[in-house]
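By written order: A, B, C and D. Residues from 1 in each chain.
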Amino acid sequence: MNDWVIAIIKVVFIWVWTLLVAVVMTWVERRGAAMIQDRLGPNRAGPFGLFQPLADGIKLFTKEDIIPANANRILFILGPILFSLPAFSAYAVVPFGDKIVIAGKEIILQVSDVNVGFLYVVALGSMAVYGVIVGGWASNNKFSILGGLRSTAQLISYEVPWGLALLAAALVYGTFSLREISIAQQGTFLGFLPNWGIFRQPLGFLLFIVAAYAEANRVPFDLPEAESEIVAGYHTEYGSMRLGLYLFGEYVNLCTLSALMVTLYFGSWHLPYLNMEAFLGPISYGIASFLVFFLKVSFFLWLFVWVRWTVPRFRYDQVMGLGWKSLIPLALANLFVTALAIQLTV
Amino acid sequence: MTMDLLKGVSNCLGPLVVASGEFRGDVTVEVPKARIAEVLARLRDDPNLAYDFLVDLFGVDNLDLYEKAAKPKKKTEGEGDAAEEPKPAGPPPPRFEVIYLLLSLSTNRRLHVKVRVPEDDLSVPSVTGLWKAATWPEREVYDMFGIRFPGHPDLRRLLMWDEFPAHPLRKDYPLEGRGEERILRYE
Amino acid sequence: MEAYTGSGWLLTRLEQLVNWGRKRSPWPLPYGTACCGIEMMCALASGYDMARFGAERPSFSPRQADVLIEAGTITKKMTPILRRIYDQMAEPKWVIAMGACACSGGVFRTYSTLQGIDHVIPVDVYVPGCPPRPEGLLFALLKIMDKIDMEHPLRGEISSLVEGK
Amino acid sequence: MVNECVVNAGHSTGDYVTINIGPSHPAMHGTLRVIAQTDGETVVKADPEIGYLHRGVEKLGEHLTYHQFIPITDRLNYCSAIANNVSYEMAVEKLMGLEVPEKAQLIRVIMTELARIADHQVLVGILGVDLGAFTPFFYLIIQREEIYEIFEWYNGARLTNTFGRIGGVEADLPDDFDARWRELRPNLFKAIDETDKLLTHNRIWMDRTIGVTAFSPEDALAWGFTGPCLRACGVKRDLRKDEPYGLYDRFTFDVPIGKNGDVFDRYMIRMKEMEESIKIIDQAYAMYQEMAPDAPLMAKVPKVIKPPVGEVYHATEAPNGELGFFIKSDGSDKPYRIKIRPPCYMVYQAFPELVKGEMIADLIACLSSLNVIAGELDR
């Protein structure tokens, strides 16, 4: 019974946390863009415009819900849901802290420690493409279908280097469980570096982050919704809260990807050269590990915003070229070298 | 300098020059309408003149000008009524002009070549074969004056919508239009 | 039942919340056809920064926009397209006619120019000027916000629901 | 039949998909429309449709007096209204045979070059936005606001300036031009520099622009290209150098040219021309400072302008290329016929040729780099 309550609390906590981060992210994105562009950004809704996402949400909720006459109704409704659900679900296996001991009971800060958490994340990551293609197709709009097609091609192409980079990481840690990977990153590597994934897999990390940007449809890979080319891409015909779900799902996606990056390559909740567990109490250690994790995630979230407002976007064939001609060979080489190194050292 | 230019042009074109003039340094030659393509080709290929760049091409409606000349005292104010007024006696001079602005990139000299188009034969041979630059200007002249250009690859209206009933830059078309509205059928 | 209909407390509060949301997030559809489009750009850019009022994320898809900023001349050739764009926008929607041409045709009293977009679509705020300064557009946006404040978005729906039962 | 392609852009035929881009499309600048036949992402055929901003300017000109037409010219290329004003005024002055005082000409040069900078800033900014890089646009617009301030404080309008009069200019440069220019000048360099750093050597930017919609000089001349688009193809032609009007023969400046005539070259030409324009302003302002403070600003012009019967064509180098005014006078106070030769009209008609076989994203990049301003395109 007690375990059930804890599990539910954890699920609710992670939902609320993800939702909150996604909401704050929309604010960060706008204010961040404004900061980069020498503007102020939204500052009327609440203090520093913090309630801006709330206002957007209320407005989108109360807006007329249009389903175009020629659209496929069922799929049109299904699209945004298919898009945003996997993004939420993927979070279930990502550890957001080490453990917390309350009243003698040790609680792992992770919704569920699946031993194939890795595969689960990859599988759900590829689910998101259905939301895009279904939405794009159901809209019965040429720009939407173009956006949907671009997205499909892009996601499928980048799934491969993404998966290969993950595979190399899995080889290094010898496990598919994200929690075990996190724990394995404690201590130092080669005596002076933190024992983080990025130092064991530098190329893998680069491949992962490029592929993650493509997976998240962010600049420079925002072709599915390339504003100046195909209006709004797959969600051209979407208005009201359905659009809200698409926009929201994107930020949740960013959250998941950032969390994954931190878990795999940036030592999850570990601080470099510092074992927090040694001098913090059981409760404060739990909180501190969560905060460290959160700080690292925030940096990667900000990186998404930063990159978005700095670089132009690729062209369709260049995206494909980059994916198939550069990333996949590199990822294969990375995997091979990793395997070789492990074989030699073991 | 302009005299040299005029001489050079008449040497090149010979009897094709119907009339020529000069105003503020701009030299204008008038040539017969039917042979405009030949004239422009000759001007372009002549090594001394080398008018190798078509700057622009446009039409002029001389309706009011002739009416004013016929009745110098009374100035017509409303162009809308001008069409209904009786034409002056005698064979009317050609109503429209099409003017070609040429430029020589090597010598930086310009030349206006003019053809006159009577109202009963609204067609001028197309020069799109010589310069692709003439494509849209010819369409525009067709749109605005109704002058056709046989030989043009795609002579459609350019600025007004396809069903527009008039040619707006003609002098007998009122400035504020005749109340045309564009109606689109949605599917 | 009283609380849900008429000017009950709950309804009024809810309406205020909805109005606040709409007011703070008027996503524009920047339909800049001519000179005013450049001034509209300036209003969106750093110097004037319309995003302060939440009017960010220019939505070129009419489905996603709230405020149609019609900046510039509408010719008769364009008229049906403007009408269609307006029709495609989801309720609630507002229209700003920016500039003399959009308001009345401006200096272009000619055969091809529509003499004011209010011949084809309803306009909420007119901004005079040829072109108006970006401040003019910002003021128009504030006027739209005032207008939103005076609306009762839920009243009609809820009372018809209640009375229907 | 004619109607079917209007809003719904026709139906796809055969193997190709017809995509209607515009007129309300983020990259179409409000009033352009391209009906593209595409094979996947590749454009097989593009058919631009114009006229959505045809306001009847030429017809209107026949009903306005010579002075009244100046404000209408503002609304041709609204990114650089002053260049249009000056071009029109010079055409009328040529028609009248007027000699404009030197000081007025210097003021014209200063203002025209400022307008050129403002125009190029918009182009570069919008090109960035259309390729997905939003930030340079904002950096450029900030400096553009400062140029606007100079305009505004000279004649009261930010955008549609109605600068100058036939026969001269209406007012002397205000006293604190010196201070303002000294403040603006480094900022302009800074904005150009920042944009340069953000874009020019950015790998993605280079991939997106170099070699995209390249055009040969022969084709460019046959299609009637002028201005930066022609220079990008490698033809050194600038009316300020080749047919110097006004005082342009007194200034030293370079005419940057490109090699391939692709989007990157068009972008680079604009970036370099901004710097050249600053050079010209420096020289013109130095010459202006040497003039007597009470030197005349206007030629002797009658109250009512009635030019002699005749027809003239006068062209100037507007930011987009050769902007020419053909004016036919019948001796009355109104022009008998005004024909405007807009620079981007000729450039844009080659659009189908330019984008054939390129991708949809390139179509957008190409359109932006041509700087098609609907106001002067459709008139």
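Basically, a residue touches a chain if its C-beta (ideal position, glycine included) is under 8 Å from a C-beta of that chain, and two chains touch if they have at least 3 such contacts.
Given the structure is predicted, the values throughout are model-derived calculations rather than measurements.
Asker: Touching subunit A and subunit B alike: which chains?
Answerer: The shared contacts of subunit A and subunit B, listed by label, come to C, D.
Asker: Computing the C-alpha centre of each chain, which chain sits at the greatest distance from subunit D?
Answerer: Most remote chain from subunit D, centroid-wise, comes out as A.
Asker: Looking at mean CA positions, which chain is nearest the middle of everything shown?
Answerer: D
Asker: Compute the distance, rounded to whole Å, between the mean C-alpha positions of subunit A and subunit D.
Answerer: 45
Asker: I'd like the Å distance between the centres of subunit A and subunit C, where a centre is the mean of that chain's Cα atoms.
Answerer: That gives a centre separation of 35 Å.
Asker: If you average the Cα atoms of subunit C and of subunit D to get two centres, how far apart are those centres in Å?
Answerer: The computed centroid separation for subunit C versus subunit D comes out at 31 Å.
Asker: Touching at least two other chains at once: which residues of subunit B meet that condition?
Answerer: Each of 159-161, 168, 173, 175, 184, 186 in subunit B touches at least two other chains.
Asker: Where does subunit D touch two or more other chains at once, residue-wise?
Answerer: As it turns out, subunit D has residues touching two or more other chains at 6-7, 25-26, 51, 54, 56, 59-60, 138, 142, 378.
Asker: Touching at least two other chains at once: which residues of subunit C meet that condition?
Answerer: Residue numbers touching two or more other chains: 45-46, 60, 77, 80-81, 84, 109-112.
Asker: Touching pairs of chains, which are they?
Answerer: A-C, A-D, B-C, B-D, C-D
Asker: Which bits of subunit D are touching subunit A when the two form their complex?
Answerer: 17, 19-20, 25-27, 41, 128-135, 138-139, 142, 198-199, 202, 204-205, 207-208, 359-362, 364
Asker: For the complex, which residues does subunit C have touching subunit B?
Answerer: 76-77, 79-81, 84, 109-112
Asker: Along subunit C, where are the residues that touch subunit D in the complex?
Answerer: It is residues 31-35, 37-39, 41-42, 45-47, 58, 60, 62, 72-73, 75, 77-78, 80-81, 84-85, 107-113, 130-131, 133 of subunit C that touch subunit D.
Asker: Which part of subunit B faces subunit C closely enough to touch in the complex?
Answerer: 159-161, 168, 173-178, 180-184, 186
Asker: Okay, in this complex, where on subunit C does subunit A touch?
Answerer: Residues of subunit C touching subunit A: 17-18, 20-25, 45-46, 49, 51-54, 56, 59-61, 63-64, 66, 90-92, 153.
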